[in-house]
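These are the structures, in structure tokens.
There are two complexes below, and they share chain A, which is joined by chain B in the first and by chain C in the second.
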Partner chain A sequence: MDLSQAIRDKARELLETGAVKCVIGYETGTDGINARPAFIYEAAEVDRLIFDETCGHNLATYLLHHRAENIAVVVKPCDSRAINLLHGEHQIERDKVYIIGVVCPGVVGRQWGVKGRQLLPACQACTDRNPVVYDYLVGEPVAEGAPAPAPPLPEVEDLERMPPEERCQFWRREFERCIRCYACRQACPGCQCTECFVERLEPEWVGIRIDAPQNWMWHTIRAFHLAGRCIECQACRRACPVDIRLDLLNHKLAWEVAQLFNFRPGMTAEALFPLATFVRDEKLGVGEWASS
Partner chain B sequence: MSYQPRIIGFLCNWCSYAGADMAGTSRMSYPPNIRIIRVPCTGRLDPLFVAKAFQEGADGVLVAGCHPGDCHYAEGNYHARRRYALLHLLLEFLGIEPERIRLEWVSASEGKRFTQLVTDFTEQVARLGPCQAVGGQS
Partner chain C sequence: MARIGVFICHCGSNIAGTVDIPRVVAEAQKLPMVVHAEDNEYTCSEVGQRSLREAIQEHRLNRVVIGACSPRMHENTFRNTVASAGLNPYLLEMANLREHASWVHGDQREAATVKAIDLIRAAVAKVARAQPLFARQIGVTKRALVIGGGIAGIQCALDIANAGFEVVLVERTPSIGGRMAQLDKTFPTLDCSACILTPKMVEVGQHPRIRLLTYAEVKEVRGFVGNFEADILQKARHVDHDKCLGCGICWQKCPARAPSEFDMGVGQRTAIYIPFAQAVPGKPVIDREHCRYQQYLEWQRAGAEGKKPPECRICEKLCPVGAIDWEQRDEMITEEFGAIVVATGYKTFDHSVYGEYGGGRYPDVITSLQLERLMSASGPTLGEVTRPSDGQPPKTVVFISCVGSRDDSVGRPYCSKVCCMYLAKQSIMLKEHDPEVQSYIFYIDIRAGGKNYEEFVRRAQEEAGTVYIRGRVSKTYPEKGKLIVWGEDSLMGRPVQIAADLVVLATGIEPSEGAIELAQTLHISYDVHSFLVEAHPKLRPVETMTDGVFLAGTAMGPMDIPDSVAQGSAAAAKVCGLLSKDTLALEPMVANVNAVKCVGCLLCQQVCPFKAIDTETLRDGRIVVRINEGLCKGCGLCVSACRPGAMNLRGFSNEQLLAQVKALTR
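Take a look at the complex of A and B:
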């Protein structure tokens, strides 16, 4: 069965029986090309729902705004990891959420004018085709091996090979475009703080001025706050109006976390966050100086 | 040495700050480039502090605390070790040379080790010159 139809049928059933108050899914946007999030409250509206390769948003983030109600949400495999993240961090109650998981064919970036078929680089490299958690599965599950972290992106490796000054030039060119709209933060399921460090005034970690040092501070700490938590859904990058390569920062940290701690966030809701635990005798390359 | 690096040292109250005190009361000398900030424990050290130091123009940041197993709060330094391993990699990826950041263990009786550490680190940072990574002073 067609994915869109399967989602509609399930949504109709859930709304008609009163199992959920709202179904969060995708519908075609006003340009007729790109999908946008849809909030369906009436069974009569379910035919608006679609699923295609433009359904890139991570809808799990919206659960943070609907904590009190029973909600159904359509998720791709990466988004399903966000549900585990939110559940594990006690941000949502699992029994209030009905998860419609989609076996994911990969998604494209935002399309301008005509629909393209070029999958996002992250989707081309992605090996997780099945959601890791769901109540109802749409599509035929794909046989896959043990879930493996994607290999480091070639662009990340290129950056690692540069001398530090060049790397720092690269990031300066990225960060100087930032208008600090915080759309990346709003789109991110991991950015759930009621008061973000960037808006603290006492102490003022980041000044309101948009300049190199303030932007640097924002990007450094945003990335660090997502270290070991980022499920690489690309929602932040697609939300960024000036196309800053947040994906490279996120990927670098996700890769290092996998190497150092053998950990991938969101694979289960129970897994202990690697920065919330430790191993007494581990060697991590810091604090190992022997004085003469 | 004409260029004088600016170094911020975050020292845990129970071990390394006492170690620095020991160096002082024993009249050992070490480079005056380090500005010491006392923190309750390395576990208290939010990576924000280190980033903020660089943003405000530090050329190097030293974090020192109790040896593993000796933390006054039992586990603070183990958590710090994980955090700093990752923060190191992030800052390096952003173009800050890894030699500009150190996390080390210094006990209250290791005044000599403290002076050696500060001397060693100051020379290391001085060789790199001013930190340009953040881009302009705020």
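Take a look at the complex of A and C:
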């Protein structure tokens, strides 16, 4: 069945029975090509909902703003891991969220008025096609082996091979562009703080001036706050207006955590965060791949 | 506006011999907010402290920095001094000029002086941002929980109760008495173990301030020193102990049989039973697994197929007071306590890993605790030692020591401490039972440190004629009704072969089943062998790192009866000291939460090693954390884990520490 139609049918049923107050999904954006988030409150509106390869947004993030109501949300596999993350960090109540999981073909890069053809690099490398948590599944589940760590992105490997000065230059060029709009933070399901460290005055971790050293500080601390938590949904990368390669920074840390602790965040809601726990038989860098 | 006074201590020549004190004082005077700086020969002396008090009053100081020794040494001294001058004691900061400067840079006067100035500058920056702190007082529940009814727990409960406090003594098995009740005689005096133990057991059973909960287990403990709350599972006995008179007709007539745990499997008991004749309470429990009526009910529940088992219920028919209660269920009891003593004791090592000794394969290879039951006059053979295989009295007995002790290859590198002595005792007792018995003991070393212990081993060798062979056993096998023991006499350097009637394995000591789970719920630490760990091996031997939780007996490591009793009494003294207070002052240097910033991710709860973080729901539905100040030790892990920066540590706030770092890296 058509994915869009399946989502519409389910959304209609949920809204008509009053099971949820709102369905968060995708609709066609103003350029007529690329998708944008849609918040559907009326059953009559469900035909606006679509699903295609332009549906990049991680809609799980919006749950942070709708904690009081019963909400249905359309999620791709990586977004479903965000739901586990939010649940595990007690940011959402699982029984208030109805998860419409979509078997994901991967999403394309976006450009105004242009239909993207190329899958995102992360989607090309991605092996998770089925959502890890859902109440209703749209699409035929793809047979998958045991979840295995994707190899590090080739670009991260290239960076690793650079001499330190060159790598430093690379990041300086990236961070110099930052205008500190904080769109990366707003799009991120892992950024839940009511007061972000960047806005703290006592102590003042990041200066108010927008220049390379301060920007550097901002992105480094944020990356560390996400180490072992980032589910690599690419929302920050997508949100960045100056195209900073935050995906590489986060991927590096996620890869380190996966190697050291056999851990991928968001695979279950009950997982203990490796950087907050000590397991007695923890062997650094050795062992079977485990999803929790 | 802070008015800071700086006091530099010479510590005799300890600091003044290396650090240029006048220069440090001069530099201190230039620091912001410092209104007074002076030096003293010994700031901790009466003269030094008076000078400190006078300066506080004369210069209207509201913050104090003392550059002297480690705060571990004299912080409390100076807090009291500062408080006696009218200042809040937490508006004091110590700079460690001795351990951190003069002692470690003894030959570099210039470097040590510069470092001393840096340390003073950092301390001034920190104290300028200090807030007055006030210790909170909490009440104390004047009741103690003792977990484990062996000799250590019994002694502890009696001492606490005799001091006037209420005690709840929880024992997992149907009777108190523990391992000591299983022993025949005690070394080195050869007192009858039961004879000296049972009066204490009876005293516990009858004590007006001791509530005895047998056949019960502590499942969960919450709270903190002075205010614990414990969930205790009372297992169903199916006998109403309020009605039961302990007449014994039920266990005399019960037709079901099971191996007796108390007799270590060498004897049998009935399904409704008391573990041994002098048990306290002397009222039975029904073992559901072996009871015929329970088996019948099980058969009914399973669909009632095949041959109908007997319905039995003989105990119910014979009971003169109708005490049998089939409806009884496991019950959770929740009680409050001010202090907890863990005296969970030991079990013996599983000897089956040593295939060469033949334990478990040949019936005449038994453990020392089984021999103890065979020798006991109240044991299954009424004190007559016989071979399990044919019931004949053994004439040649071989003892093998260190079975599961001092052997790294089985993960037991430690010495079990009591085995050398009980082997000597058992060989003496065998000789007394039957003068024809010849005992051989294979040993590694003889450990007989203790009052009259060495003499006792001598007695075994000289009076009982026990042959001590230094060496290990390599093989044991049956031949013509005998057990052939192959070993090595390492002193003579030759192999030994003995045809034995009975082989006794001196199995070592290891912690009881469930000790780790209990330690985890109590949040006390245990070592790699799962023995519980004391707060300090020399100076705080019965305390734990968790306030209000104490240890006694072999739960902590191998020890003999006198040591266990001494520890029971020692733990009781600690408990009484705690319970005699009406209130406890809580350390104010603990974490606190800014609920506005807290996002309720509960990461702090995961990292807190003291279970000191609870949650609360605010009126707007937000869930935030709350610090339990009774449990918080001020370690600061939550502060570093908190992404939104909602956590702070009183006395070590982020602002103070960063100001300190800034001053140091100026």
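One rule holds for everything that comes next: the second predicted complex is superposed on the first by the 277 of 292 C-alpha atoms of A that agree within 3 Å, B and C clash if a C-alpha of one lies under 4 Å from a C-alpha of the other, contacts with A are read in each partner's own complex, and residues count from 1 in each chain.
As a convention for this text, contacts are C-beta pairs under 8 Å (C-beta built on N, C-alpha and C of every residue); 3 or more make two chains touch, one makes a residue touch a chain.
Treat the numbers as computed from the prediction; the structure is a model and nothing was measured.
**Student:** Following the overlay on chain A, give me a clash-or-fit verdict for chain B and chain C.
**Tutor:** Once both complexes are aligned on chain A, chain B and chain C clash.
**Student:** Just checking: does A:Ala68 make contact with chain B only, chain C only, both, or neither of them? Give me first, second, both or neither.
**Tutor:** It touches chain C, and chain B stays clear.
**Student:** One more residue to check, A:Gln91. First (chain B), second (chain C), both or neither?
**Tutor:** Touch partner of A:Gln91: chain C, not chain B.
**Student:** Name the contact category of A:Phe197: first (chain B only), second (chain C only), both, or neither.
**Tutor:** both
**Student:** Could you look at A:Phe273 and tell me whether it touches chain B, chain C, both or neither (first, second, both, neither)?
**Tutor:** A:Phe273 contacts chain C only, not chain B.
**Student:** Thinking of the overlay built on chain A, is A:Gln214 touched by chain B (first), by chain C (second), by both, or by neither?
**Tutor:** Only chain B; A:Gln214 stays clear of chain C.
**Student:** Classify the contacts of A:Gly29 with the two partner chains as first (chain B alone), second (chain C alone), both, or neither.
**Tutor:** Neither partner.
**Student:** Between chain B (first) and chain C (second), which, if any, makes contact with A:Lys252: first, second, both or neither?
**Tutor:** first
**Student:** Based on the superposition described at the top, state which of 6-14, 24-32 or 96-104 belonging to chain B clashes with chain C.
**Tutor:** The answer is stretch 24-32.
**Student:** Give me the intersection of chain A's contacts with chain B and its contacts with chain C, in residue numbers.
**Tutor:** 197
**Student:** Contact residues on chain B for chain A in the complex?
**Tutor:** Interface residues on chain B, with respect to chain A: 47-48, 51-52, 55-56, 68-69, 75, 77-79, 81-97, 102-105, 110, 112-113, 116-117, 120, 132-138.
**Student:** Can you list the chain A residues touching chain C in their complex?
**Tutor:** Residues 67-68, 89-91, 192-197, 200, 202-203, 225, 272-273, 276-277 of chain A touch chain C in their complex.
**Student:** Which residues of chain C touch chain A in their complex?
**Tutor:** Residues 596-597, 599-603, 606-607, 621, 623, 641, 643-645, 654-655, 658 of chain C touch chain A in their complex.
**Student:** Please output the residues of chain A touching chain B within their complex, sorted ascending.
**Tutor:** 159-160, 164-172, 197, 205, 207, 209, 211-214, 216-217, 220-221, 223-224, 227-228, 249, 252-253, 256-257, 260-261, 274-275, 278, 280, 282, 284-287, 289, 291-292
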